[in-house]
Structures are given as structure tokens and as C-alpha cells.
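Next up: some structures, all given as C-alpha cells.
Shared between the two complexes below is subunit A, which has subunit B as its partner in the first and subunit C in the second.
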Partner chain A sequence: MTNLSAVKRKNQGFKEKIEAESGQSVTSCYQCGKCTGGCPLSFAMDYAPRQIVRMVQLNMKDRALNNSTIWLCATCSTCTARCPREVDLAAVMDTLRIEARHQGIKPKEKDVALFHDIFLNSVKKSGRVFEMGMTVAYNMKSGNLMQDAELGLPMFVKNKLNLTPDKIKGAKEVKKIFDKVKEIEKVEGGH
Partner chain B sequence: MKRIGVFVCWCGSNIAGTVDVEKLSEEIGKMPNVAYSCNYKYTCSEPGQEMIKDAIKEHNLNRIVVAACSPRMHEPTFRKTLAGAGLNPYLLVMANLREQCSWVHHDEEKATEKSIALVRRAVQKAEFAVPLEPTTDSVTGRAMVVGAGIAGIQAALDLADSGHEVVVVEKEPTVGGRMAQLDKTFPTLDCSICILAPKMVDVSGHPNIKLYTNAEVDKLDGYVGNFTATIRKKARSVDEEECIGCGICWEKCPNSVPNKFDMGLGDRSAIYIPFPQAVPSVPVIDRDNCRYYETGKCGICQKLCPKDAVDFEQEDTFVEEEIGAVVVATGYDLYDPTRYPEYNYDKYEDIITGLHLERIMNASGPTDGKVKRPSDGKKPEHVTFIQCVGSRDSQKGHEYCSGVCCMYTAKHATYLKEHYDIDSSVFYMDVRAFKKGYEEFYRRTTDQFEADYLRGRVSRVYGEGDKLIVKGEDSMLGEQVTLETDMVVLATAVEAKPDARKVAQTMGVSYDESFFMTEAHPKLRPVETNAAGVFLAGACQGPKDIPETVAQASGAAAKAINLISKDEIENDPLIANCDTSRCSGCLRCIPVCPYSAVTEEEVTEWNHGEEVTRTAVNVNESLCAGCGTCSAACRSGAMNLRGFSNEQILAEVEAICL
Partner chain C sequence: MKYAYFPGCSLHSMAEEYNMATELVMEDLNVELREIPDWNCCGSTPAHTTSHLLPVALPARNLAIIEKEGLDVVAPCAACYNRFKAANKELNEDDDLKETVNEIIEMDYQANVEVLNLIEVFQNDDVMEILEEKVNVELKNIKPAVYYGCLLTRPPEVTEFDDAENPQSMDQIMEAIGAEPVEWTHKVECCGGSLVMARSEVVLKLSRDILKAAKQAGANCIVTACPLCHANLDMRQEQINKKFGDDFNMPIFYFTQLIGAALGHSKKNLGLKRHFIGSEGLLGSLVG
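Entry: the complex of A and B
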């Protein structure tokens, strides 16, 4: 049983923070379930996307940040496209992932979080993603050594897989973006 | 010579989809006296009716059978068709092939067989049909409105503005009804009494309105167009003519009793006016709580009254009013929430109903419009609303939805946040906000005024310290939750008044299982009743909000005006008739008649060269509703219902059974 009054007292301002950072009015949600109905991943989630919104509405911070749903969300934005209350739920999920990382909460889907990290690292280093390097790094770190290995050769034959990162224009600027974000997070008390 | 024409209707595929209409019209065409038989896709259409008219002329038809839908649907249509072709409209007989055959059967062969029997029955009845002429009656051009809440006020003003005299009878000492108790009205949040008071004043000042307050209708005699109402004017103990409403009496009265108008939250004196805008502004003595009536001493009000208007000896008086139409607008009551022991309404003072909150928020209410907890007078920081208390609960309350609670709760939550900065939570099952501007209002309540809506019925409310704990399920979250709150407001169901059944019986109106009065047809005759000349307005017919009530009241007034502005009305000729030559004078018909239409009379006749006077009966054509009970009770076969005569019924039985 949840004491909603106590939860609200403890997590005062959580809903408002998520709303401000995502730019979305979570309050607007009237719990129709259209998001969940169309979500291609809801079968694998521990809470339905609609329930995540409800948790935010009720300031249930711990549960809203510590679940598999926010990590399994693939940001396909089917929910966003269909929401009758104009809530960009994909953006809310993104905000919740960021907030969870800021709070140092161990992601419930650790491979998904790992993938995000490796992807961003790859972009940071080369200015755009280096598929081969990212895949190898992900497989090594996640322990799924042979994951997607059967796709490697056909892609290589069709010239879809480079063995070295592409050199692109503006790689330095991309790096600067990463530095800037880090700086902002430091100022605002992120991790 | 009877020449019967039979017209079988397909009703599109409604009948023709199940019944072989070709075979049916062919078989019926073989019956003796059937001069013409055909079938047509939509007989009620204009070409269909023209076809009947042409056939009447061409084949010289003098009795018509239409085999189609229920006579309740199209009998009036086809009667007009007959009249248009120069035939008496009562020479029409309908066979109901749709509701009584095609809609309830699937087997075409058997359905066709049954339809042949049904039409054969109609043909045999038509064989004995005779032309009938309606009689007429004069109409009293005045109306009575019972109840002077917003429904009665609106109906009375519409009637009076049309130039008719209106008698308004109100049970309470003032007009205004429930709406006078409300603080604001949804969805526009205008002040209830501010929009009501001008209408209350209009009612009391209108030259065409005769207002009786503190009065009840004891009896309604007569019939449509010509009613006599007996009105009991309850003793007010104050002379209405003399009183100037100065207020000395109620200011000086030493007794103090809970104020019913304020839902018992504040006190009033024993001589009182219910609220400052009361119309008429004449006090009434609450005899159950007055020292003079309790002890025979006191009489301060009488001593101080500058007009000598206080009259302790006043008694109930009766007046009779002649009217042509009645609008019943007796309103509603609210469900008693003590029937939910889990809500602990009678245990904690801070658990109140929506109407209590209306009075608390009202500037002339017990707290002068300041929101305070009844227990300690502290301002609540958070209020929890519980919906459907007695509504949508067939076990403890009513099966129906009360229709107004969702919106008044949204209004309360909005107003609490906007004007008092008090947060709200609402436990609901569904939010029904379906009228113009309602959904938008509800959305503002949640979005702009941030009321927390939790979907689920509350299981229990209990106290903990100076807080109330509300326990229930948030079914959106899928788990049991508790909420700490300072005040709980129960959205109690709208229900019929305790005396609704008695009022309905007095007016001759039928009522449903919840004692709401029943309209003649839920869609097409929503303000008429099964009692001709009696119309319904407002929540006595079912829960409704102010806009709907006002619309219905104007509708009822229009129907009443339609009736009383006529010089005379036609009576339905399908009524009972006594053949006094056969009447044995047993008088069995008198007690069985539900409309008191049969009366005893002396008839004088010649018998074997002698003049003999004996007892027989007479039927009042205006009172008779054509139910046929007398005809069934009559031992000598003297009583006959026109259009359903004994010989017609026997012929029908024969056609079906033999």
C-alpha cells in the first residue's frame, strides 16, 4: 500500500522537474492507454508506459526511475504521434533515463544503458558513430561476444561496414558539444 | 357491403426480410370481403399513402387494414390517410407484423404463417369497425405549477408571459428550491442566487402569477383541460398581507435551532426566513421549535411586530383553483450517506456532502463564505472528494448515474484552488462531462487547477490525529493507496423526494422504481405524462442539471400553453360506452374504473306500457381513458369499448384460434 501524501511530501517537485526538463505536461495525461496500446515493446516492460506517466503524476520518483520500461523504450515515438493530449511520451522517457543516471540509479536493463554509453562514446570520439568499433566494444563489455556476428560478413561484403572510423568534417565541434554538456551538468549539479 | 382493402408493408427489410409478403397478400386476398390486397416497400411513405388513397377510390374500399409496424408508431399516420380519402379514420385496423412477428422470429415459413393469422385477425376486426366521431370539451385557460425551484419558476414565467394565469404552489416558505442553496453554477461559475433571484422576484411580482408558498396540493380532481386543485395553505403563523419583512421578529427571537437551509451547519431563530433573498420576504414560525408553542410563554415576536402580523392561532386553510393544465416540478432530494458505514459520515464532522460545501462556500452561509472545517474551524489545506456515493451502486444506493456530481465536484475543486488555494483529490469511477463546455471545464480542473483525479471507489475513511485518511485503489496505478486529507466531501446521489410517490399519485402520474415520475415517451414525449394535461419539469422526472432543467421547464410550459390556449379539445373516441338498455345496474364497473369515469344514473324507460325508473351507469367521456376494464367487468355485456367492441374482440379471437 502506498501512502500518496507521504510520497508527495518526500518527492515534492519531482513531477514539476520532469515536466520542465522534458517540456511536456505530464499533468495533461488522462490515462487513456493509447500509448501502451501501440507500444511495440510494452510486452517486455515491467510497467506499461501509461503507468510510468501515472507514477510521475503522483510523484512516485523511486519507481518512475527504477524500472525496465524507461530503458526498453526505443524512442520510436508511436506513443507521441498518437497521444490525444499532446504529451510527447518519448521525450518524457528520455528525461526519466537522464534523471535516473543523474541520481546514480543502476539501470534495470544494464545492457541497454551500456549500449547508450558506448554509442555516445563512439560519437564523441569520431564525430559520428563507428559501427564496427561500437559493436565490438558492446559485445566485449556486455559479454555477448557473438551477438550479431553473423551479420558482419554480409555487411562487410556489401561494403556496409568499415574497419576504421570515417573521417568527417566537424568532428571537433561534436566533441565541443559533449564538453559543453558536461560543463552545464557540472554547474547544475549533475554527476 | 364491407369492402376491405389490405396493405402489407415490407418496412424495407424489417418485415420482408422474414415474412413472405407476396404470399401473405395473396393469401389474405382470398378472404371473403377482402376486395383488394397488395404489398409495398414503405407504406408510410408519401407514395405509399397515395397508393392507399387511390385504391380506396378505385376499388371503392370502405374498411382498411394496414399490416405494418406497431399502431403506436403509425396508426395516426394512416388514420390521416383515410381521412384524406374521405373515409372515417376509425375504419382503419392495423396488424403489427414487425414488433410482433418479423423482429422476434427467424423461420420465414412459420413467420409467414403467423403473419397470415395476424392479418386475418385484423380483417375480421375491420369487418365490425364502425365510424367514430370525437367529442369536444371546453378548456380552462389557466395552469398550475407545483414546485417553485428553478424548474417551476421557469415554467411559471413562460406560462405567465404567454398571457395565461398561473397558480404556483410551493411547499417551502420561499420560492427558489435547491438552486437557492447552491453557491456557484457550472460550467461558467456564475453565482447561483445572483442569476436565480431576479427570476424569484419576477414570479412574485408577475401580474399573471398567483403564488402560494408554504402550501401543498392536497387533491387534483377533473381531467385534461378542466382540473380542480385543492390547495392546503399551511399555517405560517404570520399574516402574509400585513408583514413588511422588517426582521425585528427573527432578530429578537430567543430560540436557536439548526438551520436546515444551511444543512444544519449554522443556527437560525424559530421565526425565520430561510435566506436573505427569500420570496416572499415573510417569516414563518417553526412550531416544533418555538418557545410559545412549547411552553405557552414568550411571544416576543408578537409583542415586537410593528404590524401585529404574528398570529399564533393561525390554522391551515384550503383553497380551490380551476386550471386546465398542470406542470409538476417538485424537484429532488439527496442520498443519505450514513448508508455507507465505511465512509464514517456520521462519525467525523469533517466528512460532509457536496451541498454542505455549497453552503460553506456561500457568502451568506454559516461561515460567511470562508472555507473552514466544521470540527475545529481551521482552513483545510487539502480536500478529498468521493464520487458516486449512492449512485451506480445497486446494492446500497441507486443503479442510475446522478449526472450532476462529476461536474459539481469539478466546480468545487476548481473553486477551492482558485479562490482559497486549497488542493483537491478526487476519487472517481468515470468522469461524465458530456455537455457543452463541460469536458473543457473538467480539463481545466485537472490541468490548470491541478486537482488530482484517482480512479477507484474508496474503501474506507478514518481519522488519524487531526487528519482523515482515505483508503482506496488507484486503478490506473493498479494498487492500494492511502491519502491524508483535512476534509472529505461526498458526492451524494440525486434521488426522488420522500413524498414523490404521494405527489405522483395525487397528480395521477406514473413513476419508476426509483420514484422518479415517468414521461410519456423517453425520446419523443419527454415532458408529457400518461396523465393528459399533466406535464413534468426538472429533477422530479430524473436527475438533471440546471441547463437541462430550464430547457425542460420551458418545454413543459410550451406544451401546457399549447393545451390551455385552445378553446376546446377533442376527446379520443376510443372510450367506453354503456348501452343502458342492457345495463343491469349491478355497478361493478364503478369500483374497477381507475379514472373515476363511470357514475351511477337513473334511467326512465317504458316497460310493458309502464314508465319504470331504474339504475344504470354513465361514462364521462372526458375522464375515460379507454382502458377497457369496465367492459371486461360488465356481466351483461352493456359496457363496450369503442374501437374494441365485444363483437370485434370475439371476431379477432375466432380469426386467430379457429
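Entry: the complex of A and C
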């Protein structure tokens, strides 16, 4: 059993932080479960989206930041569109993922986080995504070397694979955007 | 009519056929598209799940370039469209954020650019009139399940486009070119999107549900306006058949490809041969 009073004392301010950063009133949620009912990914998650909201309401920081749900959320925003309390739950999920990263918590769905990193690295490098380079890098780092190998040849034949990156003239400007954002968020995140 | 045009990364690579068909169709309809010089990636899902600032700053650089040219922008990719709209909304609601982002991009963006998806271009009477006038191939027995997915309509406060649960605008375009869109259940369901790399089995299930719903509704093809939906439904269809023992053979079209077919363009020029699931059987002699 979780001693909620102790959890609340230890993590005081967590709910307020998530509310401030997401711009959402998590407090408003009355736990109807409509978000979970419509969530296309809920079948694969360890906690239902509704439960994640409850964890935030109760300042259960550790559990709210360490679960598969926040990583499997595809941000399709079905929950957001249907919430009778007007909570943008997809925005809350974004905030929880970002907070988990700031806190250095190992993502429970490590490949999801890895894919996001590799995608952004590709943009940082050339200003646009280089699909083929990104896929190779992802397969190497995830250890799934042969993932989708059977798609490679038909993609090549159908001319769906660009073999060189689409590097823009302003690639340096884009890299600068990444660097500046990192600097600002480092200070604001306090880590 | 003249717009700035933001093709996005997919339309320059995997979804190049969407770009090809869009350019042909827009030219036919007297809509001038001017590709933004030196545009950068919108950041897509990876940016907004990783940072609060990056998903605003990356689109803002593009939008600032467009604002200088004094045009509104058309973004055919559902993801780019969504990120542009989201960035604009955040910037318009928060002056401090606007200041920070302008410092980051070292440009002055006032968030005045209007962002349209490609379907919205057809919500103009002149464009529809020209379209109806120029249709010269009857798309007989083409029964598309018109698939909108997530990013065109949600969150509704961001996109402010059509109805979030039962959108109609793309169906109406299909009717205008003589196709017969079916009523179906999965118009706005999620295909799993970018989770396909990390958790492909989850995406195969979601995409299978969509194919199944389309088939059950009597559709003989699916029409989309999103490169990621297209990739999941077309390129992964064989994996779905293998995994679940299905026998789907459902052509997936970008909606401008079918419009282009109705306007008399060839399979080759519309990039139909780039798809994994062939459409020769369905389109037969309709398209040259």
C-alpha cells in the first residue's frame, strides 16, 4: 500500500509544476475515464491515461514519471478532444515525458525515446530529416539491426529512399536553434 | 490565388508522390504555390515530446520567412500543418514566449501567417468550380474510405478545422470528382504514427483495425492527406497480412492523386507506381 500522506509531503509542488508547464488544470479532472475509453494505445500501456492524471493529482511523482504510458502515448489527442473537463491530456503527457528526461529517469520505453533523439539529431545536423540515415542510426543503436530490412529493397526500387541528406543552407541557423533551446531549458529545468 | 508552400521532409523523400500530385493538381486549379526558400523540418512529434521550446522555435523560423513574403502558407503534410498551427497558437497567446522564440531564431515573427492544410485550399468556391469544370475522367466504382487520422483535426482548439469526430471536407472533394466515399467508423482513428519504429507491433494492430474497418464498410481504397498514415497503411500492409493472416490488398492514395487521376494525369506523373500496393486493378483503364 502506498502511504499517500507521505508521498504528498515528499513531492509537494509536483502537481503544480506539471500544471504550470503544460498550461493545464490537472486538478479539474474528475476521473470519468473518457480519455482511457478513447485512447487507441491504452491496450499496450501499463497504466491507463486516467490513472496517470490521478497520480499527478496526488503528487505521486515517481510513478507518474516512470511508466510505459507516457512513452506509448502517440499524442493523437483523442483524449484532449473528448475531455469534458477540457484538460489537454496530450499536453500533460508531453510535459511528463519532458520532466522525466530532465530528471534523468531511464525511459520505460527506451526505443521510443531513442527514436525521438535520433530524429532530432538528424534535423540538428542538416536542417531536415534524413530518413534513411535516421533509420540506419536507429537500427544500430536500438540493436534491432535487421528491423524492416524487407522494406529496404522495395523502397529502393520504388525510389522511396533518398540516399543523401537534404542539407539546407541555413543548417547552421537550425543547429543554433537547438543549442539555444538546450541552454535555456537547462537553466529553467534546474539540472 | 497564391500561397507559400511548405512541403516538409516527407514530401521530399518517402512521400514524394504526394508532392508530385499536389503540384500538378494545384497548377490545374490555378493555385500558385511558392516553395519557401531554405525551409527546415517542423520538428514533428519528436520535438514536442522532448522540449517545450523546440516545437515552437523550429516552425517559427519557417513562419518568419513566410511572414516577410506576406503570404499565407499551405502545408500538405498533416504533421507539419499541426505543428505550425500549434506554434502560432502558443505564440499568439504568450508575448513572453514570442520574445524568447524570436531571440532563439534571431528573426522577428509576429505570428500573423495563416496556416492552411491542403484540404482547406478546396474550401474556396473558385477552386471547386474550376475543379468541377476540369474533371474529365469519371472515377467509376472508386469507393474510398476517406481517412483523416489525428493531426488534421486534433486538438480542435489548435487546428480549428472541420469536425473532430466526423469530418466531411475531404469526402466532399471526393464526391466532386465522381468517387463514392463510404460511411465508416475509423475516419479519425490513430494509425500509431511514429511509434512504428520503436513499437511496430502496436502500429501494425492499429493500422490493421483501420484497413479492416474500411473493408467492412465496402471501400475499395483508402484516401489520406498524411504521409505517415500512408506509410503505415501502404508499406506495412504486407507485414500486417503476414502477422495476422489477412489478405488485404487495399490501395492507399493521397487525395491529390485521385484528384489528379480525375483530371486526366497519368499513373506515372501522379507517382502511383511508388506505392507498395498497386492500384492497376482498381483504376484499370481509367488512368493512363
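By definition in this document, the second predicted complex is superposed on the first by the 186 of 191 C-alpha atoms of A that agree within 3 Å, B and C clash if a C-alpha of one lies under 4 Å from a C-alpha of the other, contacts with A are read in each partner's own complex, and residues count from 1 in each chain.
In this text, a contact is a pair of C-beta atoms (placed from the backbone, for glycine too) under 8 Å apart; a residue touches a chain by one contact, two chains touch by 3 or more.
As the structure is a prediction and not an experimental result, all values here were calculated from the model.
Peer 1: Overlay done on subunit A, so just call it for subunit B and subunit C: clash or fit.
Peer 2: fit
Peer 1: Please determine whether it is subunit B or subunit C that touches the greater number of subunit A residues.
Peer 2: C
Peer 1: With the two structures laid over each other on chain A, which partner does A:51 touch: subunit B (first), subunit C (second), both, or neither?
Peer 2: A:51: touches subunit B, not subunit C.
Peer 1: May I ask you to decide whether A:31 touches subunit B, subunit C, both, or neither, giving the answer as first, second, both or neither?
Peer 2: First partner only, subunit B.
Peer 1: Let me test your reading of the model: by the given contact rule, A:3 touches which partner, first (subunit B), second (subunit C), both or neither?
Peer 2: first
Peer 1: Applying the touch criterion given at the start, work out whether A:20 contacts subunit B, subunit C, both or neither, answering first, second, both or neither.
Peer 2: neither
Peer 1: Based on the superposed arrangement, let me know which partner A:120 touches: subunit B (first), subunit C (second), both, or neither?
Peer 2: Second partner only.
Peer 1: To make sure I follow: the centres are taken over C-alpha atoms, the vertex is subunit A, the ends are subunit B and subunit C. What is that angle to the nearest 10 degrees?
Peer 2: Result: 90 degrees at the vertex subunit A.
Peer 1: Counting only touches as set out at the top, which of subunit B and subunit C does A:162 meet: first, second, both, neither?
Peer 2: Once the two structures are laid over each other on A, A:162 reaches subunit C alone.
Peer 1: Between subunit B and subunit C, what is the tightest CA to CA spacing in Å in the combined model?
Peer 2: Between subunit B and subunit C, the shortest C-alpha distance works out to 21 Å.
Peer 1: For subunit A, which residues belong to both interfaces, subunit B and subunit C?
Peer 2: On subunit A, no residue contacts both subunit B in one structure and subunit C in the other.
Peer 1: Report the residues of subunit C in contact with subunit A in the complex, numbered from low to high.
Peer 2: Against subunit A, the touching part of subunit C is residues 9-10, 12-14, 16, 38-41, 43-54, 57-58, 61, 100, 103-106, 150, 153-157, 164-165, 188-190, 192-195, 197-200, 202, 205-206, 235, 239, 273-276.
Peer 1: Using the touch definition from the top, list the residues of subunit B that touch subunit A in their complex.
Peer 2: 382, 425, 446-447, 450, 452, 454-455, 471, 474, 476-485
Peer 1: Give every residue of subunit A touching subunit C within the complex, in rising order.
Peer 2: 21, 40-41, 43-44, 72, 74-78, 80-81, 88, 90, 94-95, 97-98, 101, 109, 111-112, 114-117, 119-120, 123, 127-129, 131, 135, 138, 142, 147-148, 150-151, 154-155, 158-162, 166, 168-170, 173-174, 176-178, 180-181, 184-185
Peer 1: Taking the touch rule as given, give the residues of subunit A at its contact with subunit B in the complex, in rising order.
Peer 2: Listed in rising order, the residues of subunit A that touch subunit B are 1-6, 25, 27-28, 30-31, 50-51, 54-55, 57-58, 60.
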